[in-house]
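Naming follows writing order (A, B, C, D and E), and every chain is counted from residue 1.
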Amino acid sequence: MSTATDAPGGAPLLELRGIGKDFGSVIALEGISTAVRAGQVTCVLGDNGAGKSTLIKVLSGVHRPTRGELLLDGEPVDFGAPRDALDAGIATVYQDLAMIPLMSIWRNFFLGSEPTTGWGPFRRFDRATAKEVTRRELAAMGIDIRDPDQPVGTLSGGERQSVAIARAVHFGARVLILDEPTSALGVKQAAVVLRYIAQARDQGLGVVFITHNPHHAHPVGDRFLLLNRGRSMGDFAKGEVTREQLTEMMAGGDELTRLAEELGRPGGA
Amino acid sequence: STENSGGGDEGGDGGGTAASGDLDFAVVTHGAAGDAFWDVVQNGAEAAGEDLGVGVDYQSDGDPQRQSQLIEAAVNQDVDGIVVSMANPDALEDSISAATEAGIPVVTINSGAERSAEFGAIGHVGQDETIAGIGAGQRLAQDGATNVLCVVHEAGNIGLEQRCDGASQGLGSDVQLLQVDINDLQAAQSTITSQLQSNPSIDAVLTLNSAVASVAASAAADAGSDAAIATFDLNADVISAIQDGTISFAVDQQQYEQGYLPIVMLKLYAENLNTVGGGQAVLTGPGIVDAENVDEIADLASAGTR
Amino acid sequence: MSTTREAPVDGPARADERVARVGPWRRLMVKPELGSLIGAVVILGFFSAQSDVFRSLAGVANWLDVASVLGIMAVAVALLMIGGHFDLSAGVMTGTTALTVGIVAVELQQNIWVAIAAALVLALGIGAFNGWLVTRTGLPSFIITLGTFLMLQGLNLGLTKLFTGTVIVRGIADAPGYHSAELVLASTIDVFGQPFRVAVLWWLLVTAVASWVLLRTRFGNWVFATGGDEVASRNVGVPAQRTTIVLFMTTATAAWLVGSITAVRLTSVQANTGTGQELIYIVAAVIGGCLLTGGFGSAIGAALGALIFGMTQQGIVYLNWDADWFYFFLGAMLLLAVLTNRLVRRYAEAARR
Amino acid sequence: MSTTREAPVDGPARADERVARVGPWRRLMVKPELGSLIGAVVILGFFSAQSDVFRSLAGVANWLDVASVLGIMAVAVALLMIGGHFDLSAGVMTGTTALTVGIVAVELQQNIWVAIAAALVLALGIGAFNGWLVTRTGLPSFIITLGTFLMLQGLNLGLTKLFTGTVIVRGIADAPGYHSAELVLASTIDVFGQPFRVAVLWWLLVTAVASWVLLRTRFGNWVFATGGDEVASRNVGVPAQRTTIVLFMTTATAAWLVGSITAVRLTSVQANTGTGQELIYIVAAVIGGCLLTGGFGSAIGAALGALIFGMTQQGIVYLNWDADWFYFFLGAMLLLAVLTNRLVRRYAEAARR
Amino acid sequence: MSTATDAPGGAPLLELRGIGKDFGSVIALEGISTAVRAGQVTCVLGDNGAGKSTLIKVLSGVHRPTRGELLLDGEPVDFGAPRDALDAGIATVYQDLAMIPLMSIWRNFFLGSEPTTGWGPFRRFDRATAKEVTRRELAAMGIDIRDPDQPVGTLSGGERQSVAIARAVHFGARVLILDEPTSALGVKQAAVVLRYIAQARDQGLGVVFITHNPHHAHPVGDRFLLLNRGRSMGDFAKGEVTREQLTEMMAGGDELTRLAEELGRPGGA
């Protein structure tokens, strides 16, 4: 498995060439090139507002890039809508989670990919299956929901995030994109997510993973794409960087240690 | 389709000199768009325009302020004459005097006869709604009705209110009012049905619109009531209902004349300074259409002229 | 990726100490439909207690008739509102379709079924146009459909006068095929000797189908999602634009059904039919629990909202209250209905959120 | 806690490589008001090109008159919509206040200023009632104000008939103090020899004050916040309920102003005055860029929306287009205005989001 | 300064006695008692859905407790609305941030506490001050905004969170409550927030801090309140627990280390 660390891991599933994105006068991305390979985890790192979410929205068909090219299996593609990306097997956990607060958990889980039963005019949403799968997938993440009929809007922040992750993992066929999936999660749930990422990678999926936590990024990442103010600061293979360097690159990652000292308290990172 | 005086045509100022081919008259009424009664008035005015070779521009709005703004627009356009219906004379006073001050002759129609001369109109053609109502009330009394339901199809409309008031006067006792919505005749039918069901002593229904009359007849049938149905205004359905006896009579204002005659009057005034009526209103009704005279006008109503 | 992962072994029915016990009665109370059912029951009780005609079979047939035509539209409008949009042209479209039936059958002398089919095609076209314009421009549906509302109002009057010379299309009863059309759309059915309008059946059918679609199909899921958060639902792959267009076409289809019923039943159609009714449809849907902001509501609730409106409108007449005050009472009863609904739900709210 | 912390030394005017250069013209374009200004200019150009009366001073005075009364209400309704609510009773309230002025002045024989004051008190009461009910029950304002709308409609008719025996109050011109009231509310002002209605000044004043309040005061900030997200704004300490109630009272005050102008100008008032106008106010506000969901919009935009509506309404008359097709043209022109607005903004959108 | 670690730090500013909160049939909190003292940082720890956010919403006047008592300076209080809590000097960063997406950054910053200038009817929102303060406070957090007029809805997740934190810090007078303030933040920004917390504590404010990150909780926390499924699992002073115990209490905090091993990669926590 460790062969994947340095080797390119085959032809890229997804490739970006000189991608740029403007929002009116705001230049959010400029000249980003990288590749997502099967069986590899690409970590996108960067400060707040660096353009990480914008980048993954380009990958998942939410935004059309203003400049540059997107290649799927080596062929140029133009995702007109997220549906196109989903149909290409790309599933995404958005930072804002893309959930409908007033709808129940199981309806949100299968939204856009509802299982059906019956035929002809009597084809209907298979509710029993949907509820059952929802409960099972969430339980696997260590989230024990009271009632799959509860509206998502009344879930806690972490519960909601777990639902979004479980959904993406369930539907991700070739590429799994996760935008700060662990931000609101407890330590236990975060570990489960990291394990999911590793599982997905082992099954040959390409994973794009955004996080601010070097402790999360380093164990699972194979490549690290560093963004700063909308531009790429480099694209490193795992072997090329240590966790310390990584933390350093993530804008003064040792601050915590220094902080702990500065505060004159025992402990620290 | 008559003469062509072909003479000088220096704008319509003050009237009296313009050539008929260049005359433009504005008709501004308070009828709602699509109202069956006012549609006949419009048809009358437009027919007169065609017959006499003058331009007729018909506008209407039920809101008095809007109506006055439409009159002002006509004044701004410097038309050669204005025809105004005066349901609410006070509200139109300013804009009508603006017209007369600008030297534009005004003919008032329908209601408002008593204020017409005061506002400087050259004549009035119409039938006061109250008098029409009295006529209907008297006829109902004649037919032996004692407990009459008056169906108002637009809440707070002054003309409709006057018709019901007049009916009370003619009948000699108060009529009972019922509100329905002219734009939802199915519901109107159900509402009249329920009124007849809950109040079986009603022996006559007076509607103020021909379309409401038709559903009132069906409502009476639904409710199993044998109340007589009478109505204001005609249309082809009402005429055939009178023929087969489901509606006993209709009060006909001959409102076609309220559209046609003022155009004639304005043209005569413009070319010959003639006035009509000698300061008195020219009355167009009320005529009563019942089984006796209905056959003669049967064809006219479907053409939109009765 | 649906590998087997170690699922904790606890069945769905396991008791949870974080959930308090709630009686079934209270659980029922919080369903949106049951909220408006309370309102309906209150209004029904109020008028029945005071008027024996209101509660007689003839009375019931009468107010059910009013509720049914309104209800067909309210249910469709409710679907659209759940999907996050308004259709101000819904009212006038009932007039457009009714006039089309009349003009094609009478003036163009076609079989009435041909006329009805033509009206359907027209309605679907208008609905698709509304939906297309809304999704295409991203402008609020309120303003787009106001534009079509005004345009249709003008067309109704202008074309009717063009074809007939008056503001009314009449003589539909003489069109070929009228009797079969009457049977389907405007006949009555005797129940205990009292004729009920067949429109009541249509109303029930429409409500049942709409409710089924909303709660049991993929499309229903998309409707809730599109109305709840359009961006989020597009992001997870819901065809939000298609859903919106279909919803507008649904309202148009309901308007066609109501318009056809009107034309066949009254046999003559006025050019201003339906104008101003759009607000009442929205009101019935809102009474029935639909959120104006979209994403929440129910078809059965909207049907009950129409029932409340119909009962109130007729009940006031049955009580012989002074007609001058009709609208006052109508407003007061509506407030009464929604406030009761609210009160009951407040009490029952203890059962959720 | 506002201790000095080490702020990076960069002035606000420093160039940022993450911001592309945008011309001032495009920057202007994206302001919501300027969107509707484009619509207004298109409509103005369209009608002016075809009718010299429309562009004459007399014509301008005429359509400004139409726009002004509508505009006063549209601006107030826009504030309310930005605050997240609707007031369906706004239209009929102009009738209620006008009738109150008439009844108090004529039937109760008071000085007209007393009558106008009484109408103000009544309007504020109704507005406060609307706001209180909405904030208290949490029900949608759409349904609450529909209730008050219907009730006021009934009251207007019932009370007018009670006092006058008919559906009209006449003779306001004979009330003591009428002339001073006419001067303030219904006089005309000559500009280049053309009398303009003083209502136009009121309209400008209301727009200016509303715009100032909205953009420059705390209250304006609260209005945006309450409409944008009521829960969030309450959480940071915005008095959302008070804001809502004040907004409803503002619409009521505008209705009182319009009602008083109507009563004094027409000197007689019909019981159905104002009914049905509420939708037009909302439309003007939406054309002017207000979101129906609240939290976004502008007072100047609403005033321009009213202008578009007024110009279109009168412009069609000036072009002598067939009255039967009036609504068709009105709808088409409105769509034209909003679509142009949209197109221009699409083009300019490159300048933001 | 280290005296605050074990000593009670004076009379409690805020005290909770047997607080419980139900949402209909959902029992979100049950029998919670704790105290917030001046010059102390109280960390609330717990799994997703444990009831942490609900607890702080009780403290900040958003929710009225169903059971139990809330005391301010020893006196029972009943916060009817968040305004009451704000007026008592309690400022909160909510997990959902409580921002209005369509409003500009500076309007959001001062929302509910707008500075005014002028007098009488001409009293108006002091926009110049507002913009200036907003820019300054955000710059102090290391967030360099392009334009304070930008609508908050177009900010990145972390930028938005920074605005909410800067606002609470600016207005917090006696108690500062932070619900997962660092979840979307970069390493640098997170460090700034931790330093803010320490500063606030040193100035004698009571701080309530919710986080899932033991590396964040341990350096600054003085007391640790542990919640599990709506119930308190104990309330520990800093001296009583080591970071390892804390991580352990936070539901298997060592998972990361184990995970790293399990994945067969170098690195780990």
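The rule we apply is simple: contacts are C-beta pairs under 8 Å (C-beta built on N, C-alpha and C of every residue); 3 or more make two chains touch, one makes a residue touch a chain.
Because the structure is a prediction, the values reported are computed rather than measured.
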item: Intersection of the contact lists for subunit B and subunit D; value: C
item: From subunit D, the most remote chain by mean C-alpha position; value: A
item: Inter-centroid spacing, subunit C versus subunit B (mean Cα positions, whole Å); value: 36
item: Subunit B-subunit E separation of Cα centroids, rounded to whole Å; value: 73
item: Centroid distance [mean C-alpha coordinates] between subunit E and subunit C, Å; value: 47
item: Cα-centroid distance, subunit A relative to subunit C, in whole angstrom; value: 42
item: Touching two or more other chains - residue numbers and ranges from subunit B; value: 33, 155
item: Numbers and ranges of subunit A residues touching at least 2 other chains; value: 23, 26, 96, 146, 154
item: Shared-contact residues (touching 2 or more other chains) in subunit C; value: 18-19, 153, 157, 161, 276, 291, 322, 324, 326-327, 353
item: Touching residues on subunit A, where the partner in the complex is subunit C; value: 60, 62, 81-83, 86-87, 92, 94, 96-103, 107, 110-114, 116, 123-125, 127, 131-132, 135-136, 139-140, 142, 144, 146-147, 151, 154, 167, 169-173, 176, 199-200, 203, 205
item: Residues of subunit A touching subunit E in the complex; value: 1-2, 5, 23, 26, 46-50, 52-53, 95-96, 143, 146, 154-159, 161-162, 180, 183-191, 194-195, 198, 212-216, 218-220, 242-243, 247, 250-253, 255-256, 259-260, 262-265, 267-269
item: Footprint of subunit B on subunit D - complex, ascending; value: 53, 56, 58-59, 62, 65-66, 69, 153, 156-157, 160, 166-168, 170-171, 173, 262, 265-268, 270-273, 275, 314, 317-318, 320, 323-324, 326-327
item: Interfacial residue positions of subunit D with respect to subunit C in the complex; value: 86, 88, 137-140, 142-144, 146-155, 157-158, 161, 276, 279, 282-283, 286-287, 291-293, 322, 324-332, 334-335, 338-339, 342
item: Contacting residues of subunit B [partner subunit C, same complex]; value: 32-36, 39-40, 43, 152, 155, 176-179, 181-187, 189-191, 193-195, 197-199, 211, 214-215, 222-223, 235-237, 302-304
